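Both complexes shown next keep chain A, but they swap its partner, so chain B is in the first and chain C is in the second.
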Partner chain A sequence: MNLERIPNEEKLQLCRRYYLGGFAFLPFLWLVNVMWFFKEAFLKPAYTEQPQLKSYVKKSAMGLLLWVAVLTTWITIFQHFRARWGEVGDYLSFTIPLGTA
Partner chain B sequence: MRKMEDLISINCVKLLIIALFYTCVSCSSVEQKIYVELNDTVPCVRLLNATHQIGCQSSMSGDTGVLHVLESEDDLDWILNTGPHPPYMIVMETAFFNRSVMLRMKNSSRVSGVAVIVSKTGLAENFSPHTTCPNQNTGVYSEDYGPELANCNVTAWNPLGNGLSYEDFSFPVFALKDENQTQVIRKCYEDHNLRVNGSAPQYPLCAMQLFSHMHAVTDTVTCMRRTDLQNRFSINPEVLCDPLSDFNVWSSTRPLNNSAKGHKTNESVVIAATRLDGRSFFWDEAPAAEGTVSGIVTLLAAVHALHPVTQQAPPLRNIFFTFFQGEAFDYIGSSKMVYDMERNEFVIDLDNVHSMLEIGQVGLRSGRDLWMHSDPISFKNNSVKDEVSLMMKNMQSVAAGLNISLDEPPVTQPLPPSSLQRFLRVRPIPGLVLADHRTSFINRYYESVYDDAENLNVSYPPNLSPDEQLVFETEEAKSLAEVATLVARSLYQQAGGEERNLNNITADPKIVAQLLYGFLIQKNNSWFRSLLPPEVTKKGANSILSSGPPQFYIGVGPRNIGPVHSVTRFVQYIMANLTGTVTNLTETQCQNPESKDLFSYFWVTGPSVNGSGEPLCVRASVRLAKAVSPAFERMEYGSRDYSTWTESRWKSIRARVFLVASRELEMLTLGVGVAVLLLSLLVTYFISSKAELLFSSSRETPTTTY
Partner chain C sequence: MNSSDSEEDSYNERSALVQSESPTIPSYNQDHDMSLPEETDTKRRRPVSSGLDEPVPVLVERERVATPDGEEEELTLKYGAKHVIMLFIPVTLCMVVVVATIKSVSFYTEKSGQRLIYTPFEEDPNSVGQRLLNSFLNTIVMISVIVFMTIILVVLYKYRCYKFIQGWLILSSLMLLFWFSFMYLGEVFKTYNVAMDYPTLVMIIWNFGVVGMICIHWKGPLRLQQAYLIVISALMALIFIKYLPEWSAWVILGAISIYDLIAVLCPKGPLRMLVETAQERNEPIFPALIYSSAMVWMVGMADVSNPGSADERQRGGGGARAQEGVESEDDVAQGVSRRYSAEEDLEEDRGIKLGLGDFIFYSVLVGKAAATGGDWNTTLACFVAILIGLCLTLLLLAIFKKALPALPISITFGLVFYFSTDNLVRPFMDSLASHQYYI
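Right after this comes the complex of A and B.
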């Protein structure tokens, strides 16, 4: 979809939809929101809907950063300690590597 | 003109096709020019029990190392400290395969694998990779029963044991048994890896890669849990390990109704037992000559000696012969039989058992003494004490008649590791273990690859054909025949038989000689072939009748050559041959008999006289009973009472030898490749951006008419 050809209200609605959708445990929607509307929100000359667009993009970026931080922490802990957790580690795993603890 | 052109082009196409065909037929693979694959690898695999893992493990894509032959202390220093091309793949001479060297390898990070040369040159005087106290946690002696005798406090049964089989190595260890293959490796080493005047050899160097990646880790509990999880939740379930299992063989002089399990009224039974298995450091290699074959051969010969007398003058009690499988791994077979007896799921139960005689290691008697081991703690029970004393007195009187010196070891000495211990755990049963050692084992190669025919001094004169060797009576055969006669007469007397029949019971040295040949030298011999089923005999090398001596490692079932281990099959069919009667049933009647309660029916090849023979149907009271540890039936994988041994699964085990280049050369090649890639990308970009300039046609006129 080419953003050039859409009127500004529709752009705002789209951005809002993506922002609200991300709350359903879908951080990739927030990532897409940030990447897609970054130019529109910060690099284009001002228009009426832009401040709201800006706020949506900023909030999406913050949510995304939070998710990245949580996931990175959990993944690091899991990869490091799974072997030590024994039974719990096995029940939490989807695939267990063969031949190593 | 057109037709000529067509003809020429058709001929060109035909020529091209023929040329391609020729090149494809004579093409050669690049892989074959680089790698020399080693066939017939003998690996060391990973075994797990309730708490530990033992054995060896390699990386998933194999472990590679520069070859170095370990022949002297200098080499050891080179490998572990000074050599400039770590990690090394060691080719170890026989003399260096001991505990201290292997533990140094284990602790070093410069060793990526070991290939041990298995030969008799340089072999130390003794080598036993088993522990000093076999099966110490699953025997009868524990905190509650004879604590002062537990953990080999009084007698270390295997003092020469170095415990290597029970160590956990993180690199692969293979055995090199084939002399030709070892020569190939040595030649590669001598051509490329030798030190010239003390300086390090130059690249390219000869390297070896060993693949033996094991799937299971940590212990049986973890491995079984992961297997269960895989079976329930994974799209592609994979089993990680299998419990060690096979079958026990049992038979009785008076047939027992196998369909009625539990206590048999008015049936009092004397059990004669021995073990069927052995092990070594390497997988599926266990010649077990003194440790196992001596017992099997003695009991089979005693069965043969007893058969005519027990038919004509049956003794008071029944004699129950049993061969336990898996005794090397915490008494798998005997614990299963006792477990079934306790729960009334076996043909008899413990109330039917009157007494027990077990045959331990009896091969290294060398004309001397035999010893009757008994359990001192059970003597507190007076009836047991009296019965055992009676047994000993009877055996000694029989032995005196046979000119065998039979004696008791010191009174305070516990029982050696034996199946009788599992029976005593449940009930005080009068029992004896017959052995050729007074205290510790005489066997200097207990549970190792070197416990073979040479260890028992079984050798044949040269220039004998295989059929002549089959019936040649060696000294060992005569010695074991004497022991078998002693066992047979003692069993008859113990079972309440009459004294006057004792002298008719004699073991035949010819049968003993045939059994020794079959179990120690060559299992594909004419006698074994005649008593196995025709489909096994016809398959030849691909079945249990492959060339060479049988291996006694229990393994896991099912196997690719059949559901039952080869040794178990041999013992089953030999027992059928020695105690069975020939019936005149046809093949279909034999496979589907009317009643399987008292007897089983075997369709065997039969003796071939002058190259032709008719198959026969033999009826015998020989049965197989599943030998898998009760821990797996009860799903208590962390059990301390029962054996929990499992063997890991693996995908491929192989080895190959090739030349490697130095690290610098590899990096250089990679760098040049990356540079060429970047250069080509650059050139392509330039050409693409200046495309109109480079590829414009000068004949084109810019004018256009509208």
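Right after this comes the complex of A and C.
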């Protein structure tokens, strides 16, 4: 869908829905929100709904960064310590690489 | 793997180039009673409804009719060329994904003992006659299942059981987005020997699936929606490549193109009836399982309307079962004020739509060529053949301006090229190479 064609109130509502949806463990949704509405929120000349749109985009970006940090930490820990964890490591693993310790 | 009915649905899409709706005027409110005027309608100007923030009254014009014949023909051709490119890219992407996966992940070329219930006859490699017979029988079973499903779909659509159709569609896209992508990821990780833990995996699949559902069935950025449609077509094609027995696959490809031809062109064909019913009701024909490309031209301060309207009309309206179709849509852009010259104010957005089943079967053909053909010559030959076929089909669409099946020409070329390259060109190239004779 093209953002150009819809009125500003609808844009705001869409952005808001995407923002709220991201709370269901959906950082990807926040990413889409940020990328899609970035131009609208920051690069377009001001209109009435813009400040709210901006706040949603900013909050989505913050949430996204938080998730990225959490996931990166977890993945690093897992990859590093998986072998050492023994049984727990295997239990958590979906695929276990062959041929390595 | 036991395939469920919903998997069946996804590939029920026949390719059909749907009757090109003559230029539609997207109203700003996107009301559905935009009628599809005939080509011969006279030029109309209609101010877009207020509710715009822009101070400039935006006019909507249909350009095609007003211009003299020469320009109209030129427009038709211009429309053809740009749209060919617009379809080449997603079709190519889909095929690239499938071929890349086939070549790297061995899972999809390993023949497990399992078969789909739609191809119950086993292919016995020992006897050629028996094998051929069984593949024909498999094809008959498969095609009859498809015909049956299509007829059910048309009946449901005629009797306005939209909820049912929508539920069916949602179920099949759920399965594609979650289950098949889960399988796919698992195999990719195994191939590349990467350790993956359940929590991260669940996050990935959950995000991928939910955002996919949102983009496809509700509202989302156009590019993302297109990307998701390409991905699910590729996933479906990979499933077919894995679970269809060797010879049956080729016979099925041929049979489906013939069925497609019949279903779309014959007056009583189910697909044609579907298309006509939808057009009578002025409803968007096939939501959620049609790939629509959009093209936007912008001039000055005009807000250009998009076949985002096509998407919206796709999503709204009837939950008709998505079928393959190539629809040429003329969405007239909102022109700028009269100050500009005639050529400049009138812009057209034309989106073109191609059904997902087309993507799937093209990719199946190229994927099988990559899997069994042996070397890249065959794969490339099939790829080129399909693109040529697509080109020709679009040309025919521009000429005939009605629903056309997109499968027959491409699949025929593809099959011809595959078998001839495999049996003629490859031994030739091999013996040239072995004799170190370069041409």
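We adopt the following convention: the second predicted complex is superposed on the first by the 101 of 101 C-alpha atoms of A that agree within 3 Å, B and C clash if a C-alpha of one lies under 4 Å from a C-alpha of the other, contacts with A are read in each partner's own complex, and residues count from 1 in each chain.
As a working rule, contacts are C-beta pairs under 8 Å (C-beta built on N, C-alpha and C of every residue); 3 or more make two chains touch, one makes a residue touch a chain.
This structure is a prediction, so every number in the text was calculated from the model and none was measured.
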Inset, instruction - Look at A:Y47 in the shared chain and tell me whether it touches chain B only, chain C only, both, or neither; answer first, second, both or neither. - result: second
Inset, instruction - Figure out whether A:F78 sits in contact with chain B (first) or chain C (second), or with both, or with neither. - result: second
Inset, instruction - Based on the superposed arrangement, let me know which partner A:L98 touches: chain B (first), chain C (second), both, or neither? - result: both
Legend entry - Touched partner set for A:V57, first chain B, second chain C, both or neither: neither
Inset, instruction - For A:F25, select first, second, both or neither according to whether it touches chain B, chain C, the two together, or no partner. - result: second
Legend entry - chain A: partner with more touched residues, chain B or chain C: C
Inset, instruction - Applying the touch criterion given at the start, work out whether A:G86 contacts chain B, chain C, both or neither, answering first, second, both or neither. - result: first
Legend entry - Common interface residues of chain A - those touching chain B in one complex and chain C in the other: 94-96, 98-100
Legend entry - List of chain A residues in touch with chain C within their complex: 1-2, 4-5, 7-8, 14, 21, 24-29, 32, 35-36, 47, 71, 74-75, 78-79, 82, 92-100
Legend entry - chain B-facing residues of chain A, complex: 86-87, 90-91, 94-96, 98-101
Inset, instruction - Show which residues of chain B lie in contact with chain A when the two form their complex. - result: 57, 60, 213-218, 222, 225-226, 229-230, 233-234, 238, 240
Legend entry - chain C - residues contacting chain A, complex: 26, 28, 30, 51-53, 186, 189-190, 193-201, 203, 206-208, 210-211, 214, 219-222, 224, 294, 296, 303-306, 308-309, 311-312
